[in-house]
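The letters A, B, C and D name the chains in turn, as written, and every chain counts its residues from 1.
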Amino acid sequence: MSYNSFGRVFRFTSWGESHGPALGAVVDGCPPGLALSEAMIQPWLDKRRPGTSRFTTQRQEPDQVRILSGVFEGRTTGTPISLMIENVDQRSKDYSEVATAYRPGHADYAYDAKYGFRDYRGGGRSSARETAARVAAGAVARAVIPEVRLSAYLVELGGDPIDRAAFDAAAIAANPFFCPDPAAAARWEAIVDGARKAGSSVGAIVECVAEGVPAGWGAPLYAKLDSELAAGLMSINAVKGVEIGDGFAAARLTGETNADPMRPGADGPVFLANHAGGIAGGIATGQPVVVRCALKPTSSILTPVPTITRAGEASEIRTKGRHDPCVGIRAVPVVEAMVALVLADAKLLHRAQCPDRRAEG
Amino acid sequence: MSYNSFGRVFRFTSWGESHGPALGAVVDGCPPGLALSEAMIQPWLDKRRPGTSRFTTQRQEPDQVRILSGVFEGRTTGTPISLMIENVDQRSKDYSEVATAYRPGHADYAYDAKYGFRDYRGGGRSSARETAARVAAGAVARAVIPEVRLSAYLVELGGDPIDRAAFDAAAIAANPFFCPDPAAAARWEAIVDGARKAGSSVGAIVECVAEGVPAGWGAPLYAKLDSELAAGLMSINAVKGVEIGDGFAAARLTGETNADPMRPGADGPVFLANHAGGIAGGIATGQPVVVRCALKPTSSILTPVPTITRAGEASEIRTKGRHDPCVGIRAVPVVEAMVALVLADAKLLHRAQCPDRRAEG
Amino acid sequence: MSYNSFGRVFRFTSWGESHGPALGAVVDGCPPGLALSEAMIQPWLDKRRPGTSRFTTQRQEPDQVRILSGVFEGRTTGTPISLMIENVDQRSKDYSEVATAYRPGHADYAYDAKYGFRDYRGGGRSSARETAARVAAGAVARAVIPEVRLSAYLVELGGDPIDRAAFDAAAIAANPFFCPDPAAAARWEAIVDGARKAGSSVGAIVECVAEGVPAGWGAPLYAKLDSELAAGLMSINAVKGVEIGDGFAAARLTGETNADPMRPGADGPVFLANHAGGIAGGIATGQPVVVRCALKPTSSILTPVPTITRAGEASEIRTKGRHDPCVGIRAVPVVEAMVALVLADAKLLHRAQCPDRRAEG
Amino acid sequence: MSYNSFGRVFRFTSWGESHGPALGAVVDGCPPGLALSEAMIQPWLDKRRPGTSRFTTQRQEPDQVRILSGVFEGRTTGTPISLMIENVDQRSKDYSEVATAYRPGHADYAYDAKYGFRDYRGGGRSSARETAARVAAGAVARAVIPEVRLSAYLVELGGDPIDRAAFDAAAIAANPFFCPDPAAAARWEAIVDGARKAGSSVGAIVECVAEGVPAGWGAPLYAKLDSELAAGLMSINAVKGVEIGDGFAAARLTGETNADPMRPGADGPVFLANHAGGIAGGIATGQPVVVRCALKPTSSILTPVPTITRAGEASEIRTKGRHDPCVGIRAVPVVEAMVALVLADAKLLHRAQCPDRRAEG
């Protein structure tokens, strides 16, 4: 089982380091005949791209994707789709101190402990730059699941939640925070500016809703849809928690208050609530799939933190250089991509086993 | 990729339904030469066994495990270990109503939507009885990781959290709730009794700590230790959320307050905090691995809930029969087993790639 | 990746030793709604069963299969199908000498070298008894591919080939050798009797033809249909070679003599030859899939062979006990089962990626 | 399970088409700290490179490999190694006829039947150009198994076998046929020249011997070393048969003549024969691993062959353009690479499960 691959029958393998010549992904198992072009992938990369506002890192990366295989005359051929993004703005000199001392909260020490040494430039493989490969692969996944509408956004930043009553889907694209509540977005400007100026950082919570997922996707017991979503989201840099539907709040409900009663409808059952987040027994119910994940504050801060050197001596470290004051912001398109990847795989896996798909029609 | 298998090189496959003749697991990839016997597995099953207190379902199952292969003269041979548990107390008549109407919150509708029909007796494959197979497999995993000490317990029940200051590891085995806070355990008696008598149910939060995990286990990027834990725990019945270390609370911290500073120590670094829950970049740091998961209240309640029949007509359903008023309680040994299974796999995967394991001491 | 599982989306895991209490297989990923019963599996096991003629081992095993899960009211549910066969006729005393000395040609030394010790009773896990589990799983696979007609038979025994001109499909079931040429079958009686009486053994070549495989099954490049068949057949005890279509003989042809010209037909192309054995580029062409495998002579012989003991000292060994003088005979139903298992997986994998299956008609 | 990946813990994924911009492989699971550079990979690609003699295709491809990730300061980091080779000499006009008619013996029809359409330029994904990616990945595998010495060569071409008595390892690199018998090499010149001038083609048989494989590698039952080798070799273009040790010839031996007797030796057992090809029960015995595969004659020939068009009409086709008159020649380094890839995976898999490896020391 490879370490850098994700998915079962719709599967991608990512590769690349922060300061290597390029990074990319190979998407395997994509159905043939789907329209696909670099122009269809690029907009999703642009959403995740650094340097687009003062609230993200100032590293300048065009993140131009190239399709190297698997597409012929504008359509997928069913063979592996190789996607490559060149790294352009690697300033290795910014990271020299990291070579000798471990940044707490980063993967530096753990990589050394595991591998004996590491590519310390910009975090190497553990850099969030790798998520560009996921976003590119996610764009292919979207082509596989045209029936699904995805929307991810921030619901909390720096401990300040949105007002659910003020939810405005149109607002998400209108501010640099993917925030559905314009008033919260305004407050968050001050929070992120404050963190940035103080050389500090803040955390965030991302929510993603997938509408149009047919009842039946997901395969119990160890390919449960919620289990796959949890694995996919927890693999994103800085994610420390994942929940489905009401998630942790469900632990405080009773059987009655947590029930999702059903009523007959024209196109299958109508649910009167969605505490379950659209998944029961690991299988989609046809309701919107709702997932949230928590991102810790960026570990790179200007405040000195006690640490040790590679030689095991006491030291302290301030992480200079270009960083996101809130990694949760740019994680939004990454979360959406991972949900797309999980759903594309679930769709193909479902039709492998249950071809008639009576519940989908 | 099979649906009912979990793990990469230490891998188990579970099978069985609630009311079939038996259930079990096949554990593959176990190292040879480890002492293993039915007597070593049985105590873990006994912890999960139903009917041991008035706070759990009254279904009577001895849950006697048999080892059918893979062990010779008391030691593992390296070949697949087949574990079987016979079902004894199947009262199929209790479940007949379920055949025609869907229980909201259960997998009934989703299974029908996916497969076209289902084994409705006791929830069939979606029953929590399957977790007995995980607990048995988990006992094998424990033999693979003797360096690790595992402890799982409830930290919240029915919205009532323990007092962390009153944490007493010795108390966990001394009450029917796996509760480390005796005062909370006393309060929970009333809560569960109340739910049971009312035909209602409550949720809970389980925490598991693994001490002794060597720095280096876990394999980025898509076999990250936290990602595997999330997948494993989210596959347990009724789990709706998973978090590592500070989890969702980390989203409310700053880079400074979330840092885990390091100091030199005699046996590698000493960490001054463990917000990260023992995992950085998907790799164990040598600190205790800390994971929590939220379990929704049991969906089986006596209050009638609106639903639909298989034929699509409006109905309502009360779930009679024998149920756990709080599935979170018996989930505790299951969580511990899943963590053991994830760690055993991570250990073997690590030594496949990094055999010298210099960081393991 | 588990060691004892085979297949990708239709996948089985086998377990069990020659002299343990039982052996079995868990079949995962089977589509729901297929008719399945023990009575549908048993006839295939009976074909492989020992002791049915004087030409096979005299071990008496009824090989009664039990379905322990995954079937409800006579139909598959889509959940794992657990199949178990109890061992009945274990005479461990026959095998005691094997505990201390290695039988050349057997897996004894290799297992010890790998695992440090082994279950030496009857060959333990390396015994051909395991193939009963494959035959049972293969019976499930047959239910998945009703469009395919399988036929396996011996084409050579002890170096004596059949006469292709005398091929009579009806003869296969009419002699104890699965031989399609009655005259060859008559000759083989003498060959096997001679080997048996001399305490010697002979090899054989099995051929399997699958008709009705739709064009399109098989997935390049590393799930090629021929590659999967080769893996599956080479995993059968005593198999030392596998070939597709003309196989090794194709290496002696020219491009012209090896060509399979095509002509238009009513239901797709008509091929004027089938040197390719029904597979091109790893994908079925719609022609019959033809595969052959070579089985070495049984390694268990009465002639003393020089060997070493576990302690590394020179010795010699004669393998007493009950053995097949030609393992190739009872391998015939096993080969058929493995081909069924490969094709069932290829079918599901194909429809995962290419759902419309326009080429399937 | 992805289609274009091979291996379990040491795993590569290949991508690319004959006439796309590039092709490549991602190698995952490589141990850290191994010396690796483009200069270490290039010589193996040069052995497989087209256009080096008049006996191979005249397509001019420098096959320059680039390492895009996973190597830092000259050593592997344990993260995915991305290898890319740009296509330079794509003359798409040579292949235009192929777009509308199917070349018998090629994958053209099968790809169309499976995927609905295909990249017809130079065979697209089914072109043997993909094997360059395997050779590059194989060079990484070699770094993982320094204890193993690999040697592949042709033992038969156009039906003309070498004289085993004349075997000269030094001759292999001294002629354009990787032929260990100089006299045979001289005869083969005429055979290949004749085929080339006639627009015809011939088949060949490749043998590969791996010395130094420690007893214990290989994992029964479905990751058997011989099964993995068979899968790997059968996935190479034009391979129609695979055999281990005596292979098909073993089917003509008796138990006595096929035995590999053992004697005590200074470093473990000494075998007095190697009919088994170094593998028993799927596990390496410590003897040389011997494998052979048969390659059909190139399907591209100048003689017109009856075929059908995409529209289903009768036609005939001559395959003009640049082709290898014997694909078996350039398959030699590919076979060696696949064996290296299988053995690297088997080594890591073995130490995952059996870390002490007492039999290896």
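As a convention for this text, contacts are C-beta pairs under 8 Å (C-beta built on N, C-alpha and C of every residue); 3 or more make two chains touch, one makes a residue touch a chain.
For each chain, UniProt lists the protein as follows: A, B, C, D = Chorismate synthase.
In this text the structure is predicted, and so the values were computed from the model without any measurement.
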{"item": "Most widely separated chain from subunit A (Chorismate synthase), with each centre as the mean of CA atoms", "value": "C"}
{"item": "Of A-C and C-D, pair with higher C-beta contact tally", "value": "C-D"}
{"item": "Centre-to-centre distance between subunit C (Chorismate synthase) and subunit B (Chorismate synthase) (centres being mean Cα positions), rounded to whole Å", "value": "38"}
{"item": "Averaged-CA centre spacing for the pair subunit D (Chorismate synthase) and subunit C (Chorismate synthase), given as whole angstrom", "value": "26"}
{"item": "Whole-Å gap between the CA centroids of subunit A (Chorismate synthase) and subunit C (Chorismate synthase)", "value": "45"}
{"item": "Sequence positions of subunit D (Chorismate synthase) contacting 2 or more other chains", "value": "1-5, 8-9, 14, 29, 32, 78-79, 114-116, 125, 220, 349, 353-354"}
{"item": "Contact footprint of subunit B (Chorismate synthase) on subunit D (Chorismate synthase) as seen in their complex", "value": "1, 8-9, 29-32, 78-79, 220, 348-349, 351-355"}
{"item": "Of subunit C (Chorismate synthase), residues touching subunit D (Chorismate synthase) in the complex", "value": "1-6, 8-9, 14, 102, 104-107, 109-116, 125-126, 130, 156, 158-159, 195, 200-205, 215-224, 226-235, 240-248, 250-256, 258-264, 268-269, 272, 275-277, 279-286, 294-301, 303, 305-308, 312-314, 328, 349-350, 353-354, 356, 358-359"}
{"item": "Contact footprint of subunit C (Chorismate synthase) on subunit B (Chorismate synthase) as seen in their complex", "value": "1-5, 7-9, 11, 13-17, 20-24, 26, 28-29, 32-33, 66, 68-70, 72, 75, 77-82, 84, 114-119, 124-125"}
